[in-house]
Amino acid sequence: MGADAQREVGRAPGYSFLPPSNFLGLAPEDSAYETSRALILPIPYDATTSYKGGAKDGPRAILEASAQIELYDVELDAEPALEWGVHTLPALAPDLRSAEATIESIAAAVIDLPCREKLLCVLGGEHSISVGVARGLYSHFGEFVTVQLDAHADLRDEYHETPYSHACAARRILDLGGEVIQFGIRSLDRTEADFLKENPAKVTAHLASVMHRDRSYLTALIEKIKGKQVFLTIDLDAFDPSVIPATGTPEPGGLLWYDVLEIVQTVARESTVIAFDVVELAPIPGLHAPDFTAAKLVYKVLTAVLGKE
Amino acid sequence: MGADAQREVGRAPGYSFLPPSNFLGLAPEDSAYETSRALILPIPYDATTSYKGGAKDGPRAILEASAQIELYDVELDAEPALEWGVHTLPALAPDLRSAEATIESIAAAVIDLPCREKLLCVLGGEHSISVGVARGLYSHFGEFVTVQLDAHADLRDEYHETPYSHACAARRILDLGGEVIQFGIRSLDRTEADFLKENPAKVTAHLASVMHRDRSYLTALIEKIKGKQVFLTIDLDAFDPSVIPATGTPEPGGLLWYDVLEIVQTVARESTVIAFDVVELAPIPGLHAPDFTAAKLVYKVLTAVLGKE
Amino acid sequence: MGADAQREVGRAPGYSFLPPSNFLGLAPEDSAYETSRALILPIPYDATTSYKGGAKDGPRAILEASAQIELYDVELDAEPALEWGVHTLPALAPDLRSAEATIESIAAAVIDLPCREKLLCVLGGEHSISVGVARGLYSHFGEFVTVQLDAHADLRDEYHETPYSHACAARRILDLGGEVIQFGIRSLDRTEADFLKENPAKVTAHLASVMHRDRSYLTALIEKIKGKQVFLTIDLDAFDPSVIPATGTPEPGGLLWYDVLEIVQTVARESTVIAFDVVELAPIPGLHAPDFTAAKLVYKVLTAVLGKE
Amino acid sequence: MGADAQREVGRAPGYSFLPPSNFLGLAPEDSAYETSRALILPIPYDATTSYKGGAKDGPRAILEASAQIELYDVELDAEPALEWGVHTLPALAPDLRSAEATIESIAAAVIDLPCREKLLCVLGGEHSISVGVARGLYSHFGEFVTVQLDAHADLRDEYHETPYSHACAARRILDLGGEVIQFGIRSLDRTEADFLKENPAKVTAHLASVMHRDRSYLTALIEKIKGKQVFLTIDLDAFDPSVIPATGTPEPGGLLWYDVLEIVQTVARESTVIAFDVVELAPIPGLHAPDFTAAKLVYKVLTAVLGKE
Amino acid sequence: MGADAQREVGRAPGYSFLPPSNFLGLAPEDSAYETSRALILPIPYDATTSYKGGAKDGPRAILEASAQIELYDVELDAEPALEWGVHTLPALAPDLRSAEATIESIAAAVIDLPCREKLLCVLGGEHSISVGVARGLYSHFGEFVTVQLDAHADLRDEYHETPYSHACAARRILDLGGEVIQFGIRSLDRTEADFLKENPAKVTAHLASVMHRDRSYLTALIEKIKGKQVFLTIDLDAFDPSVIPATGTPEPGGLLWYDVLEIVQTVARESTVIAFDVVELAPIPGLHAPDFTAAKLVYKVLTAVLGKE
Amino acid sequence: MGADAQREVGRAPGYSFLPPSNFLGLAPEDSAYETSRALILPIPYDATTSYKGGAKDGPRAILEASAQIELYDVELDAEPALEWGVHTLPALAPDLRSAEATIESIAAAVIDLPCREKLLCVLGGEHSISVGVARGLYSHFGEFVTVQLDAHADLRDEYHETPYSHACAARRILDLGGEVIQFGIRSLDRTEADFLKENPAKVTAHLASVMHRDRSYLTALIEKIKGKQVFLTIDLDAFDPSVIPATGTPEPGGLLWYDVLEIVQTVARESTVIAFDVVELAPIPGLHAPDFTAAKLVYKVLTAVLGKE
C-alpha cells in the first residue's frame, strides 16, 4: 500500500478533510511561508520544444503525486518535511511574448526570493527555465558550479534562431562564468561536441555509455565540487526511459534510480547546494509512475541537502 | 482559444503567478470563505462501484478544468463569480470503514456548514454521497423535493448487501420523506420498476426514450416544484455518452447539453434550490473535454441559482 | 449507478461469486446451450484492415461490457434474457492462411449451428465475417434480404487483390442472390457508385446526409422487407463517431442512437430476422462507453427480434 | 470498411507500394506542385496555449488520417482531388524567438505562395497562425471578409502580455480592415463582450446557444458575404466536443457536423473564398476519430470551393 | 512471436474455437475442478485505496494475458499446466458493506476450499485481501511464516480509521501469530519503523536500497523458512516501476524480474508453500506488458511450488 | 533537450520549412536514392498475430521518431547519415489475400532492390516479413547466417494452419539452408524445444535467463559468424518490456539497451552484414519512448555496419 492521502487536516468530530495540493500535501502549520526551510517554485512553461510537448504539465503532476510520498525517511529515521517545513509557492506565469522574456521574468522572481535563507527547489517546465533560475541565483550568490544531469548537453549557442531554447540551457548558464559538470549525456550535435573539445575547463560531459562500464565518475565529480557552491539541475531525461518515459525526447541507455541518487547525494555531501531544479517531466495520461518517481526524487534531494546541515 | 490561465495573481514587477487550484482559479479576494456566497465541497469517494471506478478522481478533474472557464456570462452580461465569490473547501476525507460511515461523515460535515447563508455545491464522487448531503440538508431545511438527473433510477433498497450503494441513492433520499423527480432514466431493474409503479406519489421517472420524442416534461416538472425547496442532484451519466463518456456506467440514448441546461434553469427559476451536487465523473486519462463540460455545468448551475436572487 | 456485477452466482453462506464472462454475465441456468433461445458467436478476426486495426478485440469488449447491462427492459416490463436464455459460444478461431479460408470456416461453423431453432447473433470482428455468416445462413434458409447499417457501401468487387476484404462484404453477400438495403452510407468509391447506379434492383443505399433531412426512409424500408426473411448486419461505423469512435474508419455525419434503434425495431417488427451481427468495434483502451453502447445494442436487437414472437 | 490505403503507387510485378504521406495520400502525378489547383500548408505551431497544448501535432494527424478518405464525392459524382490535384507543402517551421516572429514568418511564406492561382489551405496549429495567413492574403488580395467558426471570439487586444496570442486572433485580423463574422461562439470575457457591443460594424458574433434554437443565421451570413472575397478560418473548437474532443479548450454546446457543413457550403457558394484554414486540432493519443473528421472537413471545404468554379 | 491463442478447442472439420478465459486459456480437460492440482481464485476488490485505484481490474487482466503464455517450461522440459491441471474459480464478490466484511467473506471462502489437496493461488485486488486469505489458511494449516514482497511494510495498526486497509495487511496477518519476512521495502511511516524496531522477532524488513548493494538476503531468508509452512504474498509494487508501472503507488528503486524469481524459487525450494497470492495490479489501459508480466509470474510461482513435489 | 526538428529545409528569407518524413528527416540532398548508401524499406504488415496487434503501425512510428535523433555520433565523431546518405522507400503494400502472398511480394521487392550496392534495412511489421526478406537476400547473396534477437524461437513448423505465421519465421528462414543463432529467447513451445534439441547444427538458442548470469555468449557468437555473411533480424520483444513495452507479446526478463548494442556491434565488426530488419514494434498511443528507442537502434545498427567499411 502507499501513503495515500494519509495527511488529513481540519479534523472535526465525525469527519475530516484531505490535505491541500501543495508539495507533499502538508498541513498549513508544516508549510507556512515564514517558518519553512524549503521553497517549491512551479514553473509550468514549455514553448521551445517542437517534438512532444507537455512539460508545462510537469509541475502539477509532481505536486499531485507528492501527496502520496511517505514523509518518513528510513535513513534519517525522521520526517524531514515536518521538521523543516516546505512551502509551495504559486506557479510562476510564463511570459508568452518570447522565450527571453520568460527567462527574464524567472530571474526577476528568483531575485525576489530569500534564497540565502531558504532552499529553492524549482519544478519545470522545459530546461530553458534553468537559465532564469541561474541568473537569479547569480545575483544572490555570485559564481557557482552547475551539476547537470541530462541526456543532452544543451550546449548549442542558438537553436531555431533563439539563444533561449532548452537546447541552449547549459550554454547560457556558462555565460555566467561558472563551470558545468554533466552526467548521463548520450546525445550531442557536432557544434556541441566541438564546444566540449574546445572548452575542457568550462564543461565536462560524462557520457552515459562510459558511466555504464566505468564508475570512476564520482571521484571526478568530488574533485570538481568539493566545498564549492553548486546549482544542481536535473533534466529527467538523464534517466533511462524505462524509469522516466514521460519526457519530450527520451534517449535509451540512461541512468537508473540508484545511479542518480548516488550522484545527488554525493553533491549534497561534498558541496554547498544553493538551489536545485527538476525539469522536463511531460506527464503521460494514465501513467502515474514517472510523476511519482519525479516527486520522490525532489523529496530525496531536499532531504539530502537540508539533512546535511 | 480558451480562457486558459487568464487569472494571474500576485503580480510583481517583471513576473506574475498563476491562480491557485480552487474552483475557477479565483484570486484570494474572490474566494475567501467569509465573503463568498457559494461553497464548493469536493468529496473524492468511490467504494461501492464494481465496474469502472475512478469517480474519486472526479472532484480534482473538475477543479483543474474549471480554471479554464471564462468568468463572464453573456446572458447576465456579468462575471458572477467575481460578484458573489466562490470558496472551495478542502476535500472531505472518505471514511473507509464502511459505506455507511462515509455517508454519516458527509452528513455531519454538511450540518456544520452554513447552508442557509451560502449555496452548497458538492462535487462527487459516486452517487451515494448525495445521501449524506441530503441528510445534512434535512437538518438545515426540513423536507424538500429532490430533482435527480440520472441514467439510472438508483431506487434499489439494497445492493450487494448494503443499503448505501450508489444504486440505492434515490431510495435512501426518499427515506427522508420528500418527493423525487427523475430525468434521463434508461436503466432499471425489476425491483425499481415495481417500486416506481407502487409509489407514484413519491417518485416520478421521466424516461430518456420518452423525453426524446415528447418535450412536455418541463411542464410536469414545474408543477411538481413550483415554489418549493429543491435539492438538485446531477449524476453525469444522465448525459448521453457522447457528451460525458467519462463515467462508470455510460448508457446510450441520454440527454444533450441544452436539454440539461433547460431543466437546470427551469429548476432554478421555478423553485428554491437549497443545494446541488454533480457526481459520477470518472475522468479518462488524456480526454479532458468531459472534465471541462462538468466544470462548466457546475458554473452554469451556480449562476442560474445565485443569479435568480 | 449501473447494474454492475449484479448477477452473483454460487452463493454460499458468508460469500458469493461474480458472474462468468458470457454475454450479460448470466448464471449457468440462464445460459445453457440446450435451453437458450439465442446463441452468441464471437469472431475475433481482423486481417484485411490496413489503417487502425483492433476489430479482433471487439467481441471480448462487448462481452465484458455486457455484464453491466440491466436485464430488465422497461418497454417489455420483463427480463427477456432470463425468459429466453442466451448462450455464449466459445470464440471462433480465425484461419490465418487467408481471408478466404476464414470466410469458409465461418460458413462451416454457421452451417453446424441450429439456426432455425435458435437466433444467431455474431459479434465481430471486421465486416468480412458477415460473408461467412451469410453463406452459412443461405444453406439453412435459402435466399434472404440483407439490411446493412454502415458508413461504407462495401460494394467493391475486389480490394487489395482479394475479393474477401471487409470493403467487399456487401458485394459478396449479393453473390448469394438476395437484395441488400443500406443505411447510413457516407463513403463510396467510384466503382461502388457505378455499381449502385447499375443495380438498383439489387442494392439500395440510403445516404446519411439525405437521412439527416428526410425521414421517409423507414417507409421505403418496410416496403422492401415486409414479411421477408432478413439478415441484419450492423457495421458500428454506421453510427456517428460521437456515439462510436471506437471503429477503424470513423466517418462524421452518421446515425445517432435512436435513429439506429428505430431502424432495427422496424426490421424486427416487419420482417423475420433470421440472424444478425454487430461488427467493426475496435475498442479504445480507457474508453469503455462505445463497448457498452455496442453491448446494449446487441441486447436491444435480441429483445426486439425474440420479443416479437 | 473504410478506404484504407486504397491508393497504391509504384506498382511492380508481384508487389506494390503504399501512397506517400501527403494530403489524401495522392500519387505523385496527382499531387505535383505545378499542376495542382490546391496547396496544403501545414503549420505545426503551438506556443501561447497554457492549458492543454498539442495543437502542433494537428497537421501531422490530419495528413495521416486523410489517407483514409475516399476521393470520390457522391454529390459531385466525381473524384475532385484527382481532377484538380492537391499538393502538400513541407511543414512551415515555427520561429521560436517569439509569437510575433512566427506570425511574421507565416505572412512571409504566404506572400511567396501563388495564392491567386492556387487555393491555399492551411492546417494548424494554434489559432494565432491565422493572423500570419491573413496578413499574407492581404498583400495578395487587399481587403476581405473573415468568416470565423469558433467557440471563442478571440477578440482580446492582448493576452498574457502579447497581442499575438491565439486569444487575440480575430482582433489582429480586424487590424487589417475587413469585417469578421463569427459562428459557434459560447465563451467570451468582458473586454470581448464590450468590444462586440462597441463595434457592430466590424464584428458579428453568432452565439451557439442562439444558433441552437434559431436557424436564421444563414440568411444573415449571406447578406454579409454575397459576392465578396472571404477568408474562412475554422477553429475546430467551434464543433461540439462530442464531435471534436481533441482541442485545447473544448466548450460544450457547440456545432454539429451538418451545421458546419451548411455554413461552409453557403460561404463557398455565395462568396469568393480566397483561402481557408483549419486550426486547433490537438490530437488525443489512441482516439483517431477527431483527426479523421478534421481531415474530411478539409476535403469537404476544398471540394466546395474548387467545385464551384 | 508469442504463444497467442495457440490452444484451440472444440475442433470441427473446417473450423475451430478459441480457448475459454480461464488461467492459461486451458481446455476443459486440463482445467476441471476435480482433477486440477492448482486453484486460481480471482478477488476483484479495491475499496480502501484513495490514490489511483483500479486494483479490482487486476484479476481480469491477469487471466486475459495468461492465455498468451507458453505452457512449456524450458527448465523443467515440461508443460506443467497440462500435467497438473489448473482450475480457475469464478471471481469472489466483494462485500461492499465494509472492508471487514470483505475480509471475512474471503476467509469463509478459503475455509471452504480444499487447501491441503490443491495449491491455492489468489489474484488481487488490493493487498487487504491477503488478510482474509491468511485467516482462511490458518484454519487449514495452523501457524505459518509469511514471505511478503512489497514496496511498503503494510504494518500500520489502523489507517483511515479502519484496521482493514491495505496499509495494515501485514499487521493483521501478524495477529495470527506467525512471523513475516519482507523484501523490497522502501516506504514506511514512523509508526511502522517503530513497530519494526520493537518487534524484531515478528517481522524482518529487507530494504530495497540495501538489497541493491548486498545480496546476502537469500541466506537470511533460508534461515527463517527452512522446512516451514510459508504463505507467499506478492504485492506487485515490490517490483521496480519500470517492470510494473501498473500499480496504485509505484515506488522507484524496486526489485527486477530475476531478483523476484530468485526469491520465489528459493522459497519454493526451501519451504512448504501452502498458498500464494499476487496482488495490487491496477491495469493501465493500452499497456499490456505489466499484465503479461504478472501472469507469467503467477505461472512461474505455480511451477516452482508444484514442480518441487 | 532533444534534437527536435533540427533539420530545416527550403530556407527562404523570413521563413523555413521542417524536414520531410523520411528516416532521420533528412533533406533531399542527403536522402536521394542514387547517392544513398542505405535503403530503408517500411513494411506495415500484421495479419497473423491474434493477441495485441498493431505491428503494422511500427514503421510509421519509427520514421516519425527518427526525426528527433541527433545525426552526430560521438564514438565516430561524425554525422554518418550525412556522409553516406539514407534513402527511405515508400512503404510496401501488404498482399491481403494470404500470408504466403505477402511473403512472396516482399521477396519479389527485395530481389528488385540493389542489395549488393546499398545496405537494406527493413522496418516491420510482424516477424513473418523477415521470411520474405531472407528469400530475397538469398537470391542476391546465396547462403548466409541469420542472427536473431527475439524473446521467442519462432521455430514452429506451422501455426494456426499456416507455415507463414510470425511464429514460424526462423523455421522458414532455415528452409533456405543457413544457420540461425538466437539471443534473448525465453518462450518456447515443446515442438520448438524438440526441434532445438534435434538440430544443434542448424539453430543455437541463447536463453535470456542464462545470458543474464553468464556473459560468454559473445565468444560463442563470434565463433559462429566470423567472416561470414549475416542477416541480422531484430524482433524488438528481445528487449525487456521495461525498454520496449510496445510489442505484441512482451516477455519479462529480456535484454537491456547495452546488451543489445554489444551483440549488434559484435555482429557488425566480426561478420559481413548483408541486410537487417527491426520488427514487431506495436506503438502504444501516448507512449513515444519505445518508438524513439527503436529508431535509435536502427541508426545505431546502420552506423555500426556502414561505419565498419
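Just so it is clear, A, B, C, D, E and F label the chains in written order, and each chain counts residues from 1 on its own.
In this section, contacts are C-beta pairs under 8 Å (C-beta built on N, C-alpha and C of every residue); 3 or more make two chains touch, one makes a residue touch a chain.
The shown structure was predicted, so the numbers you read here are calculated from the model rather than taken from an experiment.
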{"item": "Distance-maximising chain from chain F - centres being C-alpha averages", "value": "B"}
{"item": "Label of the chain whose CA centroid is most distant from the centroid of chain D", "value": "E"}
{"item": "Same vs different contact residues, chain A with chain B, by half of numbers used", "value": "same"}
{"item": "Length of the line joining the C-alpha centres of chain B and chain C, rounded to whole Å", "value": "37"}
{"item": "Chain A-chain C separation of Cα centroids, rounded to whole Å", "value": "54"}
{"item": "Per-residue multi-chain contacts in chain D, two or more chains", "value": "5, 44, 50, 93, 95, 159-160, 165, 240, 242, 285-287"}
{"item": "Chain E-touching residues of chain B, taken from the complex the two chains share", "value": "44, 46-48, 50, 53-54, 56, 93-101, 159-162, 165, 285"}
{"item": "Footprint of chain A on chain B - complex, ascending", "value": "5, 8-10, 12-21, 44, 60, 64, 89-93, 95, 104-106, 108-109, 112, 285-287"}
{"item": "In the complex with chain D, residue positions of chain B that touch it", "value": "1-6, 67-72, 74, 77, 79, 240, 242-243, 257-258, 261, 286-290, 292-293, 296-297"}
{"item": "Chain C partner contacts - residues on chain B that touch it in the complex", "value": "49-52, 126-127, 152, 154, 159-160, 165-167, 169, 186-190, 192-193, 207, 209, 212, 235, 237, 240-242, 245, 248-253, 284-287"}
